[in-house]
Each structure stands twice: as structure tokens, then as C-alpha cells.
């Protein structure tokens, strides 16, 4: 397993083509915003090295038998699913989003589909995949998941928009050449690998768009046009969290990128595209049942601390609202636990979380987060959005005023109270807040997508039969 | 283990003192409304005898090692908690409420508290309890849980209202004499035993009110003043479900009832009253995580069937609302699973569900049920509350009109459509609906009680510490 | 204007053909359940005769210039709309639903459409209508609104289900003959007149179904198959409200009913059917902005009284929930006020409430009522659904127990507390509760219908233009 | 009346002491962020000069009889209240928040309280106030409302925290000297006048804190420590709205500021402090019933435009969500209309909006805004938070990629689609979004404050009496 330092050094040896703010970053790993993103990934290496975290953060490879970082592991049991859930929650208590789940969620999905397609089509994707995986585990790599295509006109299918969705433009003896762009792509500039999946089900006419593969993130032809919600000039006083940990999103362009066959895991088998997309979604929604509770916990801690500093923590309506935050956190996590416990083995041997519970958990979390923000804003008060900038707290003309007037109850220094509200501002009233809110709704799929999956996966017919029985109607 | 028939016969040998509608029922087990209640309990005996249900419905006694009905079992593992949860859901698919959970939830709570009080106070309650339990298991008895006292002025404590809450009025060598009344008491007239618990925490001045015991339900001095939401003259066509399965609620009056010491499990140890009440609440809220999902499933089945018969099952907004019902069902069950999986062993050896998850599950279910009814009403349409009475469907002048005009899509007979809506009426637009709704809110404790428990049990301090760490504030 | 007594006497002179419970009611006006329905209508006559109510309950006819009951008035100004709103709320404080609004809402809609069709088609419906109206006002009649057809398979249009929706089967010199059935039809057995409207927009093939007319409620061929949520043997102690005031719903069958031309207001002009249906809906949704707040007020009063009797009225969470009930009441009424104030004159001279506000008000009320019930159940507690039957409060063996144990705080008698809970049971946990809940959702149209109307009537394009302007995009 | 230019010139003649980001702004009106704030106020002058807006934007002074800007007017009728409501909505369609309402809301409150205190205490505040008002109207001044004190420990009263809340420290023949700080203070650096009010009810011991007055915003001793959510280097492409219109919030410190008696409107009459605070709140919550609907309209326009550009505007779930935004907008505005129409004249002659409706409207808006954001995020999709920075759309390496890949349906240019999403980002996923969300909850008072006001103002006793009557209980 790599250390955090080794991970950061490995990035410096790569040649990601990264643009941000209209210019190319020659050495992206030195850019402040890229670094706050890479710091999140680095944490997953660091924690895996802590003995007390080993149970959660590491696993035994089913291929090599070696101890590996769990973020490179293919789940072999319900217990693996449960540990991954708890690992995700634990990590996100530090960073809100741990990012590295995406790559491994994508690989778990591929482990199932490559096996399935081989059974049906006589291909050898699964062997290729396992060889790739063994390398991935051995090198302790970080993958992103390049999934969501730019969709153009959503009422048109991929092949009706020719050159928009990512697709195969050439097949050779050595491999394939692909073109297209993936949007909303997280952590590409500091991932080793891009794991590329189709974004939806496909028809036969879309066969060239039914393509999955892995590629080094710095392969020729790949361009990342990035943005970050982190501050460009990080001052911890001003942005206590996002100046240390943040994410980078990109439009990741594949402009005739070559991928050798041994890294191609789906190519033209359009019937499997939808299942692959759904599998990734299930794994990733299961991940959300770990990360979202951590976000809610942080929101709860912030709100409780602000209420404490304001001298109102015991007020009845405050306690009621704090409880709502607990409920929000634990409802989602309960779904994650249920999805783990009721997970099922697939023919590939990989364990899959229960689809209904994983979707219900993500759906609920995605339709509750804004309300949680409302609760925090309500509890903490207006200062969240009206506190003067950091520099006024040190300037000689203004510092004494602010020190005097912005304190809360006597036992708490104005400085600590300001730190508390600065954190709440960072998380709930900033550009990063915008990202968190939007990602909460759309990350891992939109609420609408989740509702469709839930109803499709649920045995409604059995419930209608139940109603028939109770009503005294003959079975259908 | 008893059969259903043996259970019903055993009732006929008892002398419950039951009043309903202003008169005493001389042979209560022959009364229609009592019988629809007893039919629910009988089902728990019947299902336990079905081989395919044995895994869920039976368990091995930790006292005798014999196979027993799980409704008499003290949980020995997380798996026991999980099976009890699934058993409850399975049973409630037939009856919506299975009732027998109450007695066993009370006994599980007593198994813990008797042990704990013995450790602290040197009493021998736990031995007595186990002797009683062995008898209870051997005879396969049904207990009710007589817990909620009539509370009079809720701003006053028990001892400030002297003769209202149930309490000890005399102690003798043989036992104690108790007086008071328990309200909202379910299934007393067809239970073998009443398991009596204090309803809340007590102060020293309330010591006489800190009393727990078991008594035969027909002991002298016990009067049950009952009501039932079931129809008095049951016609299945009119009330397809409640004419077969229903509940009886009573004000159960204890007018100087004698209880021998070997059935007394708490008597004056006021410090333990609150913990006992909370333990029962935790077990019972865990039970709700099994029964409420079954109710939601039935509601879902009804709504889907009505939509199908109306020819609108594929409409986008119908599908969206059906999905909301799925979410409502499975969120609650997920909490039940989480509460089981994260249950903990107590010093008595009894396993306790995780308190936070059990409370979150019940809280959510209690604050969602009315919305589920809204969804069903919305989906099914006005016929739920405007369908002519059953007899008009057979009277010669009206039957042809109704047959002609009340059909839905061509493939469905008007009769089946009417049966479907009659079921929905029975469950959602009748006196029984009122009971279900109110019980959904208050059964096992009110949402407010659950919120208080949740916040008290949750480690808010740890979350504040988390916020401090992220904000850069020194630890408190 | 008629008195209440004259209204009731006029019913006795009619020959409604009414079935209920499988038998024909020979003298329907003497049937208990019919009488509790007629009592509601009678109240509208009684209140109109009270001087202090005259301002609200009466108006000056624009045809005759005479003082008339406002329930027979065609709105001539925003102030008329506002007074009708307040009249409705005032009446419903006594009865929850005042029923007579339906007929006059239907007539207002007809006053507009008859005028419009005449303009387009050269017909003379409007003159006929005014002649009929003058008679209606002079005789101070009560009309019902027979609108919702039995819809069979909702995916099929009227003409695709031949003989289901009400339609013209014959045209003669004297008039038309109609056949079909109207469902969910309120107050038919004690209305003088049935005002019949099409239920939806029609296509040319549906022209025979585009028919509107007025007919005496006891015209040959009309059969009402009824149900009532009121108790059959009314004891006020048991059902304090529904034993006095209730509604009767019917499937109203038109089996070759003859209607003379002077009472036909639409016949074949299929293009106007949808507009007529929408106009009625708008008037009726405006009415809901008057009645629903009254229901919420009664719920608020009940909940506050129960909390008072329980000694918890000042508890923080109780106050918070009571406030939610206030908000629910007044949000809806505010929409009614806005719909009145922003009403518009139509070419016929009739004033129409603002469609968006009327729909928003009804939509909100229809999606909030179940939650209001939840609040009342939550505040009042379990006794709402577990209180023993009335007779046990007088039987000698049980009365003393109940008197002793069911009291609340000292200043309140158990009898008054029981009366309070009996009212709450009557309104929220009975068959009548089921009717109220379902009617709250579907009365005046379903939430889905209202959403569609809102978006169709709202100028979304103007808001998109606003967004374009703010975004710096050239106008579309 | 002043023109926009005259307003801006008048600012340049003043000497506001403004700090932002640790340094004093020597010429605040030239600072970019201050200018985007002042641009909002300037718009109120500009619109008042447009003939087609005159009806809404101007009024006739009841003092001078001259035509004045309505933002300096004391309401003389329900129609005045209604026009102010519509004016506010109209203005906010340009700017989301119009800011100038605060000063005039404060003056309306003072017009009532000065009159009332004079009646009770024989003071002459009202005459002074009218003299000041005439000057204010004549000069067409802009006032801010300096109301919310820094509250320190909220469990302590003002006098228990000595030097924190603003208070009188000296009284002389000429006037008073005040000290303290007001927080969350909007538009101070570009207002002519600060209108200072007490923030809450006071006890006798707090008498020195019961003080209200007007002061030039640049009076000696006043320091404004400011922040703005607007971009520091405004590029319209990047922040289409907030680069043109924004707000400035300040901690406004009064360090021994002298106020001459003729500008003092309350000084020691502690009994009136709470009423004054409540009056201001009522006026300001009424204002919210104008501004919040405009925000919702803009959100609706944004969401509909994004859906249109994505090719999904007709999807059923999109239409449903757009309708929810309409409902959110118009429910609040309906409350504003109701509050206007049911406003009441006070003894001072000033009209006051109905308190319940004003509070219900603001309460609803404050507890719905986050959900509206959720709807917009849901409808628009992830691009709201992941779109690359503006410069990448012009850089030669990246622009072609983005132009190709970020387009939506064929008829729409990528540039317009990007503009649309940039606006949504500006409003919903930026620091300004944070301000809007927090202000939506807390502006004009928190939801909790509004709930308390609603219940206090509502005649709950009358509703309990109604319940008693229906239940058959003797009147209390």
C-alpha cells in the first residue's frame, strides 16, 4: 500500500493536461486548488496506514491474498459492504466527500458486468479486468469514474447526436480509439486512472457508445477543463475546511484517445450498458449512505456549537431542530446498513448492495439536504452570512470593535465564536456550499432516476397480490 | 407450543371481566368484536405451526432449550432481533397489527431491568422473572402490556394525583395489592396475562407507583372497559379486513388487585422506573419498524391495484406517488434492520436494539403515516369515500346500475373493483382508519417522546467536537 | 327568500327516488341520515334570515334587483367574490361543509359559458339561462352540481365507452333525453335541482357528451344510490357533529331523463365543455378557500381545547403545532382573498376569481389536510381513538371508573373532557373523517388537476424572459 | 424626487466611515462592491421617474400633498399597502432584494409608536417625527433600518450585558449620546440616514436600551464594518446578477454618537420598545410578501429556461416541479394581498397590514426557500455547480471543446446555455446564494419569532369556544 506522500509523489510523475481559469497548469499538483483536492485522496492513504483504522480501511485481496487499501477492493461479503460504508462515513467526517469511492465503485460494477458479458457473448473481459485489477491493487491506484456524458439535447439518444457522448471511433489490432466528453467529472486531475463507463442504457444503434475501459489519466488526447469551489488563495481563517480539503470537477475531453485492448472492458455489447450504469449507480448510492450521514453529523456539530455559543442550546425549538438533523443522518445510514446486510452475491462472486435500500437511502438524502441547510441556518442565525471578512478581525481600527461586539456567552471568546461561524459559512453559505447542495441532489444520479430505479426494482406485483388477498379478490 | 385452536379454547376457560357498549360480556370470546381481536392473536399460533415459517416464528428458549413461539422469546443475539423484526412484518401483512409483540416487548424489558435492580439493590427479581418466563414459554401464553397510565393533569407527577396512576396500596407477606387504571390498553380481553409496567420515570415520592408485575388477565378486581373499531355485525363484503382482524382497546381498571410476590418484578425501586419504561419503548419502537412497513406495503398494494383498475397505473404522477409509498415502507424497515444489526448485549444477556435507530424508525413512521394515507387517497380517488353501501350492490333496483356504472377498465369486473375500494375504505376511511392513524402517531410513544429519546441517546458532544476540530477551535 | 322551515317543507313535496342500504326511502326527508344532510342546507336559509348576517348571506340580484340569498347570486364584483368567500367560511364553522356552494358555483360557470357560446355559435343559451336563474333566485332554490361522470377506464375518452358518461340519447322538439351516471354527487336527495355539467374537455366525437342542463331532482328517470358517513341512529353524545350535520353522496343515475329545451344550457358544442368544466372548478376551488380554513379552525379549536384539558397547552411543542394549524388555515384563506381581489370581469358580466390563486389555495389545502389531522392526533393523544363507547359512561358498573380515571386537569370535568375527545373522534377518527380527508384531496378536483391548471394559467414564458434578461441572453 | 444620478452624487458628498477587508474605504461610493449595492437603491430612484411605473412607485404625501417616492411614504389606506407590495415585487424582479424597504418600514412603525407614546406619556415625539419625515420626503432620502443588536448571550437581557446592545449613555439639553452595535445591518454605507430601533421588548431595567432615532449615516462615531457577497472584480460573464446588483451588510458601531433631540423618537419609554419592534417586523414581513415572490419568479424562470435548453421542459416531473415553484411564489404573495386588504388604521392614521397574514407569509417563505433551491438544482442539473470558469470559454485550447460539448438542444447556442447556468450558479450556488438563503430564513425575523407572533395575535380562544359549541360543552 502507498503512503500519502508516495501518492502525492506519484502524481508529480504524471502529465495530466489540466486547464483552469483559461490557462494550462504546467504542474497541476502544485496548484493550490488541485492540492486541496489531492489532499482528500491523500487522506485515504494516510488513514489506511493507521493501525486503529486498519479494520475499516484495508481488506484482503481476493486475487492476491494481500492486504490492500479497501478503496481498491472488490466486495466479497455483506461484511465488506458494511465496512466500506463505515469507512466512507469515517473518512467523510474529515472531508465531507472522500472522492476515491468513485473509482472503486466503478470497478466493482465492472467486475460483475465483465463476467456477465463473457457468459453471454463468449468474450474475455473478466480475465482482462482481473489482470488490470491486480495491477490496480498492487500499485494502490486511485481511479476516478468518468461516467456522465455531456448529454446535449436530452430528448435525443447518443447516436442521434453523433459526436457528443463518448464513443469508439476506430478499432485496431492493438485497441480502440475513443472520442467524446464526460461532464461533472470529479477528481480527474489527481487520479492515476480514469475508469470510463457508459452513462445509460443503449440501443443497438448506440453500440459504439457502449464502451467501458480504464486509461491512465494522462494519456495523450485527454484534456481536463476544471473548476474548483475551493478558494484560490487559501487562508484557513477564512475558509477553514475548503482551504484544506476540496474537490475539482472537470469537463474531461477525450479527443481520439487510444486504449489498448487489455484495458477495454466493454465494447459494443450495447445490451449490457444499462446494467453497467445501474450497477455503478447502486454502488455509488450505497457510498452516499456513508458520506451523507457524515455531512449531516458535521452540520449537526456546527449547529449545536453555534447554539451553545449563542447560549440557546437548551431551547426547546433548538433541540427539536437538532434532533431533525440526527434523524436525517441516521435514516440515510440505516439504509446503507440495510443495503449491506441484505446485499446479494452475483455470479462473478462480487457482492452487490440491495438496490432498493441503496436507492432509497440516496433518494432520501438527496431530497433532505437542502432542508438540513435550512435547519442549520435557522439554528445558527444571520451571522452565517453577514460576518465581516477575516482581515477586519486583525485591522487595528476594527478588531477591537469586533472582539467586543461579536462575542456570545461569556465563557466563549469572540475568536472561537467567529471560527465556528466561519466554518458554517464555509460549508453552508459559499461556492462550496453550492457544490455540496447540487452534488447532494445529483451525485450518483438524480432523485428522479432513483425513484425510477426503486419502483422498477420493487416487487409491486406481490403487493398488489397482497391487496387482492385481503380484499377477497381472486389472484390475478 | 399451542395451536390456534388451543389458544381460543384456553380463552374460553378464563373469566375476563369485560364491558363494552354499556353491558358486561358474559362470554367475551363469543362476542364478534372480541373474536376479530382474538383472531389476530390466533394467527400467531397458526403461523408458528407452519414449517416454512418456523425459522421466523419460533426460537430456542435460552432457559429450557425447547423450541418456542418467538413471541415468548428473550432475544439472545442480533439475529434474534432481526428475525423478530421480519416476523412482525410478515404477520402484519395479514392483519396490519399483530398485537402479541406488546407482551414480549414488555418481558424483554423486564429481563434486563430485573437483572439490573438485583445487582444494585440485592433483590431477587431476576430469578422470579425467569421462573415466570419459563412458565410463560412452556404454556405459550399471550401477554398484553399494560403500560400507559391515565395521566390526568399531565403537568402533575403521579403522587400529586394520588389515586390515578396504578400503584401499590398494600404490601403483605404473600404479595401486593394495586390500584389504578391503564389506558389505551390493547388486546387485554383476549390475553392470558397482563404485563404491567410503569409509564415513565419516577421520583422518590412516586415510589409506590414504581411497580411492575404479571397477573392473569382475569384476576379478581380487573375490569376492562373496551372499544373496538371493528364492525359490530361483521359482513366481509362491507369491511373485508376489519371484519376478520381487528383490535380491542380498553381502559383496564385495577381495583385492589392482589399480586403474589413471585409475579412482582419491581416494587418501589423508583430509580429503575424510567429505564424500564424506556427499554419497553425501545423494544416496541423496534417492533414498529416491522409492522409499519407491512402497513405501507398494504397501502401500496391497494393504491397500485386501484390505479390498475382505473387504467392509470402507468401515469407518471401515479408512479411517483407509488414510489413514495415504497420509500416510506423501506426507510422504516431499514431503521429496524440497523437497530437489529447494531443491537447490544446487556448484562442480563438480553440483546437490546440500538436505541437511536429504533426511535428514528418509529419517529419517521409516526410522522409519515398520514401522508401515506394522503397518497392512497390521491391515487385511488373519491370512490374510497363515496361508494354506496354493500346492500345496494345486491338490491334488484340498484345492482344493475352499480354493476354498469362502477366498473373500471374492461378487463376488470365491477365487483372486483368494488372489493378493492371497499378494502381501501376499510383501511383508510373508517373508524378503524382513525385507530390506525392515531396508533401510528402515539403507539409506542409520541413523536415528541421519540425526539427527546433520540437527542438524549445521541452523542451530540462528539459532533460538536468534530465541528471544533474542523473549525480550528481547541477541544473543549 | 325561503326560511329553513319552508325549505324543509318544500322537500317533503318532492318525490326524490332515493336508495340507501339496499332499499328505497319512501319519504327520504324523514330518514335520519338524509335529515342531517338537509340540516346543513337548512342552515343556509336560517342564517340568511339573521340581520347581522345579511351583509354576507344576501345580495341584490342583478336580474330582479331583489334581495336574494347569496347562494343564488351571480357575482357582480370582486366584493361579491370576497363576501361569498367569507360567507362560506362563516357557514362552515358550524358544519365543516356547507354543500350549497356547489349549485351556485355551477350556475356562475354557466352564466359565463352560455354567454360565450351564444357569441360564437349564435345560440340563445344565455337568455334561457337568465330566465331559469330568475326563477331559481325567486324560489330560493338549492341546486347540486352533478359533474363528475363515472369514468370507467380513464385512459379512454367518453365516446369510447359509449353508455357510461352522461350524454344525449335523443333530441326532440320539446327537449333532450339523457342517459348516464354521475358519481361522488353531493346533496342530491335534498336539493331542488340538479345542475348538470360535463366533467372534462371533449373532442368532436364526444359531442353528445357535451351537455349541460338543469332538472328538478325528482324528475322521472333519476335514481340516487346514496351513502352517508353520518351515524344511522344519531346520538349526539356519540357523534356530536355528524349526528346533526352531515352529507349524503350518491351515484346519481340518469336513465333516459327528459329535459325541456328551456333548461338546456349546452348541447353538442363540444368546444366549450372543457372551459365550462374549468370555470366550475375555479369557482369551486375558490369556495374551498372559504370552507377549508373553517375546518382548520375547528381542528385548531379541538386541539387547543384537548391540550388545555390535558394541562399541556403551554408546552413549547404544542404551541408550535397549534401555530402550524393557524398557518394551514390562513394560507388557504389568503389565497381566497387574493383570488377575490384579483378576480376579473368576464364578457357576460360575471366576475371570475383569479384562476391561479383559486387553484393554489385548493391545491395547498388538499395537500395539507392529512398533515393537519396528524397535528391534531399528535396534540390530543391516543384517547381520540381508544375512548370507550358512550354507553359505558352511563352504565352503573363502569361509569364511576370512567368518571374517575378519564379526567384531565382538576378544573375540568371528565364529562367535558370526554365531550371534547368525542368531537375530535367524530371529526378525525370516524367514517366521516374518511370522507373529509378524501373530499379534502379530491373535492373540486384532484391536486394533479390543480397543478396542471396552475401551470397552464401561469405566464411561465414571462418568467423565462425575466431569466433571459438577468442572464444577459437576447430575448427569445 | 431625486433621480438615480442625484442619489449617487449625494452619496459622494457624504463621509461614511466604511471598513471592508481590513482597510478603510476612503471613497466608498467608488468601491466596486459598494457600488453594486448602491445600484440597487439607485434603481428605486430611476423607476420612480418612469411614467408607466408612477402609479406604483410614487404616492402623494399626507403631510405636504406633494408627489413623493413611495419608498418615503406613510401608508394611508389598504390600497397604499397593496401598491407597496406590488412595487416591492416589481423592483425585486430586477434585483431580488430592493433594500430601500427597510428604512420606510422603520418610519411607518415609528409613525405609529411616536403617536401612541405621546398619548400615554405626554411626549411630543410624533410632531418631531413628522417634521423629520417631511424633510425625509422632500429630500427623497434613503434610510436603512438599524435594528438587530449584537445580542451576545441570548439568555441575558440587554442591561445584563451592559455595553453590548445599543443604548443611551448620556442625555444633554441638545440631545443624547448613544453607544453599541447593530449587526446584520443592510445598506448602511450607501444610505443617507440610519433609522435606529430597539430590537425587542424591554423591561424597566432596560430603559436606556429603549431608544429610537434617526441619524445621518456619516455622523461622527459611526463605523461600518462591512462585507459583501458580490464579486470583488465584477465580470458580468461570471456573475451576471451579483456583478450588477448586490447588498452590503455591516456591523454598524455607534461609538458615543450624538443625536439631537429633534431626531430622537423614543428614549426610555421601555413599555413601547416591544411594540415598536413588532410593528417594524410586521411592515417588513409584509415587504417580504412582495420580494420573495419575485425571487421565486426568477428561480422559476431560471429553472424553466434550463429545462428548455436541456430539451426536457415538457417532462412530467419537470412540470410538476415548476408548478411547485409557482405555488411557492403565489402563496406568499397571496398572504401579502390578504395582509393589505385586511390592514387596519391605527390611531396615528397610518395603516398597518394584518399581522397574522404578514407573519404567515414571511414564515412560509422563510421555510420554503431552501426547498425552492432544491427544486431549481433538481431541474437544472449538475452543471449549476460544475461549469468551468468563464475564462476557459475564451482560451483557445479550451473554448472549442466547451463550445462543442456544453450545448443543449440544437436551437440553442452553447453560449446562451452557459449564460443561463451562470445565472443559476450566481443565484443558487455562490456566496450570494448563501446570503439569500440565510436572509430568507432570518430577514425580518426568524421563523420561530414569526410563529410566536402568529399564535399571540391569533384568537385561539374563539376557536376553542367554537370547539366547545360543536362538542356541546358549556361556554367557558
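Side notes on the structure shown:
The chains carry the letters A, B, C and D, assigned in the order they are written, with residues numbered from 1 in each.
As a convention for this text, contacts are C-beta pairs under 8 Å (C-beta built on N, C-alpha and C of every residue); 3 or more make two chains touch, one makes a residue touch a chain.
Note that the structure is predicted; figures quoted are calculated from it, not measured.
The pairing of chain C with chain D is characterised as same-residue: of all residue numbers used at this interface, over half are used by both copies.
Set against the C-alpha centre of chain B, every other chain centre is closer than that of D.
Between the Cα centres of chain A and chain C there is a gap of 51 Å. Measuring from the averaged C-alpha position of chain B to that of chain C gives a distance of 38 Å.
Contact with two or more other chains is made by residues 317, 320 of chain C.
The part of chain A that touches chain C in the complex is made up of residues 316-317, 320. Residues 93-94, 236, 240-241, 297-298, 300-302, 304-305, 308, 319-320, 322-323, 326-327, 330-331, 333-335, 337-339, 341-342, 356-357, 360-361, 363-364, 416, 419-420, 422-423, 451, 454-455, 458, 460, 463-468, 470-474 of chain C are the ones that touch chain D when the two sit in their complex. Residues 19-24, 148, 150-156, 163-164, 181, 183-184, 223, 225-227, 229, 249-251, 253, 255, 310-312, 317, 367, 369-371, 373-374, 377-378, 381-392, 394-395, 397-398, 401-402, 404-410, 425, 428-431, 433-435, 437-439, 441-443, 446-448 of chain A are the ones that touch chain D when the two sit in their complex.
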